[in-house]
Amino acid sequence: MNPPFAAGVVPIIPKSLLGTPHQYACEKANRLFCWGWFKQNWSGIFWPALRQHVVLVLIAVTIGFAISMALALLAHRFRRAEQPVVWFTSFLYTIPALALFELLVGVPGLGLSRTTAEVALVSYTLLILFRNILTGLRSVSADVRDSARGMGMNNRQLLLQVELPLALPAIIAGLRIATVSTIALATLAVLVDGNEGLGAPIISAINDGYFKTELIAAGGLAVLLAVGADGLLVGTQRLLTPWARARAV
Amino acid sequence: MAEALDRDASPAVGNATGGEASRALELELRHVHKRYPSRREAAIPDLSLTVPAGEVCVLVGPSGSGKTTAMRLVNRMIPLTGGDILLGGRSVLQRDPTELRREIGYVIQQVGLFPHHTVRDNIATVPKLLGWQRARIDARVNELLELISLDADDVADRYPNQLSGGQRQRVGVARAIAADPPLLLMDEPFGAIDPINRTILQEGFLALQAQVRKTVVFVTHDIDEAIKLGDRIAILREGGVLAQYATPAEILDSPADDFVAEFVGADRALKRLGLATLADVELVAMNGHRPVGELPVSTNVRDALSVVLAAGGEPFKVIGDDGEVLGLATLDAIGGVLKDGRDIGSNGMPDSGPAHPPAHPASREKA
Amino acid sequence: MHNFVEAFKFIGRNGQLPREPHLPTLVYYSFGTLKITVIAMAISLAIALPIGLWLGHIHRGSFVAINLGNVWRALPSLLVLAIGFAFLGIGLKNVLLALIVLAVPPIITNAYVGVDQVDADLVDAARGMGMTGWQVLWRVELPLAVPLVMAGVRTAALFVVSTTTISALTGYADSLGEIINNEASYHLSGVLGAAICIAGLAILIEFVLALVQRALTPVPLRRIDALAMPDELLPLKLEAAL
């Protein structure tokens, strides 16, 4: 059967195949998923890519969280700070991913490097994390705050013992969104960061004539990673907020 | 909550474990003035009153009377713009607000229990802030739970959203007195509770206060609650002006002006009766009267009046605690409570001297 | 900084390269990008809005509507495009298909939430006054749902613009992304210039949609910051419920 390629695009046999004639047929026909090829290239292509991807995302989300937390605490204390921060983070968020990655390449000192990728990825997490953390802090009811102050908590104790714990559901909701989005976006990191992340096999697959196995494998791993991260965060939230689960009398 | 009274003669009941004596301090408001920056008129122009140590002072008045403001000035939740407030002789202005508040119990209408802490942790809040040892905190929590009649095993590790409204209020009170503060501030604590449970909570509060004897400032808009709970009542008028500051009986007997009279209600004579029991009534001797029923001597006079009226005004036998007959309660005798040295006329002004000499105390008779 | 100066010069020349006059200009690519975006959004709105609004109105399908949003977020645009081309070939139709797949979920999810969370008391009062289901939707629920629905539309629009440019990496050459893909010819100045144009285009589209949102919002509900940038934040109760 003819693979449905547009005229003029001829599938090139991936280089990693040379020397393995018995698998030739699946890949040459570019069937849906060549399990053999995948297994063979797991340690060479996919496992490193997955690891790099995880590192990319972890760094981006951690830094993004730190910055957003600082900004949210600032806006929590000084109401006037909120609007400018929202404007700035929204502005960053509006810039399409491709454009932001490339613009950062032009910034002196960045160029093509992992740092550039991280800066871009961090930028996209800021809006959602900032808004969620701030909303969470604000959602603490006035009565709880009043009674906490009335009992003699100072600002720091109020924040650490009351406001932040009660803001956790919102904060973790934001972390979930940010993490999943970043996992998807990090596939573009390959544009500025050489051969890093799960975007690398995807681009390589495209250049190899849309090699389906590689595409599905890389894409599948990205999606699985996202699902896994999301589940992990949900589990963490359940662990950290036992009072939310306790059903009312 | 009344069951908590089942105690033998242990002195430090309800006090912090560890041998600290229960302290209650005197609270004095001295020419307190509060004006919000955005307003021209003061919320409280000049308020002075003293709450003796161990007494319940109820601040009552219509909305806009500044009662909650006055209360929140005491623990500096609102800044004072003039005058002074002294707790145990020390000005609150000279103390660090946060430290001050750890020494004052604070209960608000919505309670404000921390949703993310168990009942135990909620109650332990101020002791933890003060740095108590774990063991001491645990003992204190258990003691308090017993005091408010909640089963520690059942309730201590639950979260607030698993408790009923009444339970939450009680935990709120326990939390406020956990560190055994010398002063307790309560802002309409029972306002959001349904009437039946409110009565239970009020009785519980009275029982608790009988044991721990704290100085309490209690804010309410309900004059009946004020009469029921207060040792002294401060009636505030709109504009933060003190209309009268006296015991419930004094206020009911002689309201200071028309505002107070109206606020207290046209039925203040009945309310006044509610403050007494049949033990306060000069009972009549049995001779010649035919009682139509019995009433225990502990009956509230207002209730007794209701019963007597329902029976068509006929007298009732009054039975003492040991079962002996103490005398008869007639309509006249009941009314005598009001005429006890004062004359409540239509203008509510006191008369000069007793209207008539007290009746002969009834002799005790066997039934 | 020198790079950016060159980039603006590039923009100033409409992206013409002196040595390769046959290459398409910035204007050409910009129009190409815009054209694809508009078509994709039009189709996506036509599909997703009715579904989302209706589901919200009857308060059904929350599981699907919400999880759709979650799954969507995990999909890399690069992947969707590449898979589209791998299975269906390169071409405008297939780009559009990928774009629609990516634009529909946020529109549905936000439309659903927007209508679903209109104060139940208001809906009840409206029904009590004798409005039919349609009238309730049209006169009460929709006007109040505008902010959230538009948030979804704006999120989708941004995503479409972004993905359109990425399509150049996957082999479709009619968008501004192609300049970035072709650094050999356009050099870094061209790449930066194109990136600036893409960003500008996105901001312009956002601005236009913000005005649309303001126009659709009932006057008493208009807030000063209606011109604020898109809000991808779903109501927290949703997230907490998951």
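Letters are used for the chains, namely A, B and C, taken in the order the chains are written, and counting of residues starts over at 1 for each.
Definition applied: contacts are C-beta pairs under 8 Å (C-beta built on N, C-alpha and C of every residue); 3 or more make two chains touch, one makes a residue touch a chain.
Since this is a predicted model, take the numbers as computed values, not measurements.
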Chain with minimal offset from the mean of all protein Cα atoms: A
Chain centres computed over CA atoms; the one at greatest distance from subunit C is chain B
Please compute the C-alpha centroid of subunit A, do the same for subunit B, then give the distance between them in whole Å. 59
Whole-Å gap between the CA centroids of subunit A and subunit C: 19
Between subunit B and subunit C, what's the gap in Å when you average each chain's C-alpha atoms? 63
Counting only contacts in the complex, subunit C reaches subunit A at residues 1, 3-4, 7, 70, 73-79, 82-83, 85-91, 158, 161-162, 165-166, 169-171, 177, 180, 188, 191-192, 194-196, 198-199, 202-203, 206, 225, 228-234, 236, 239-240, 242
Partner subunit C, residues of subunit A touching it in the complex: 4-6, 9, 30, 83, 86-87, 90-91, 93-100, 102-103, 105-106, 108, 127-128, 131-132, 135-136, 139, 169-170, 173, 176-177, 180-181, 183-185, 187-188, 191, 199, 202-203, 205-206, 210-212, 215-216, 218-219, 222-223, 226-227, 230, 234, 244
Residues of subunit A touching subunit B in their complex? 141, 143-154, 157, 162, 165-166, 241-243, 246-249
Could you list, by residue number, the parts of subunit B that touch subunit A in their complex? 75, 77, 98-104, 106, 108, 110-117, 125-126, 129, 158-164, 172, 175-176, 185
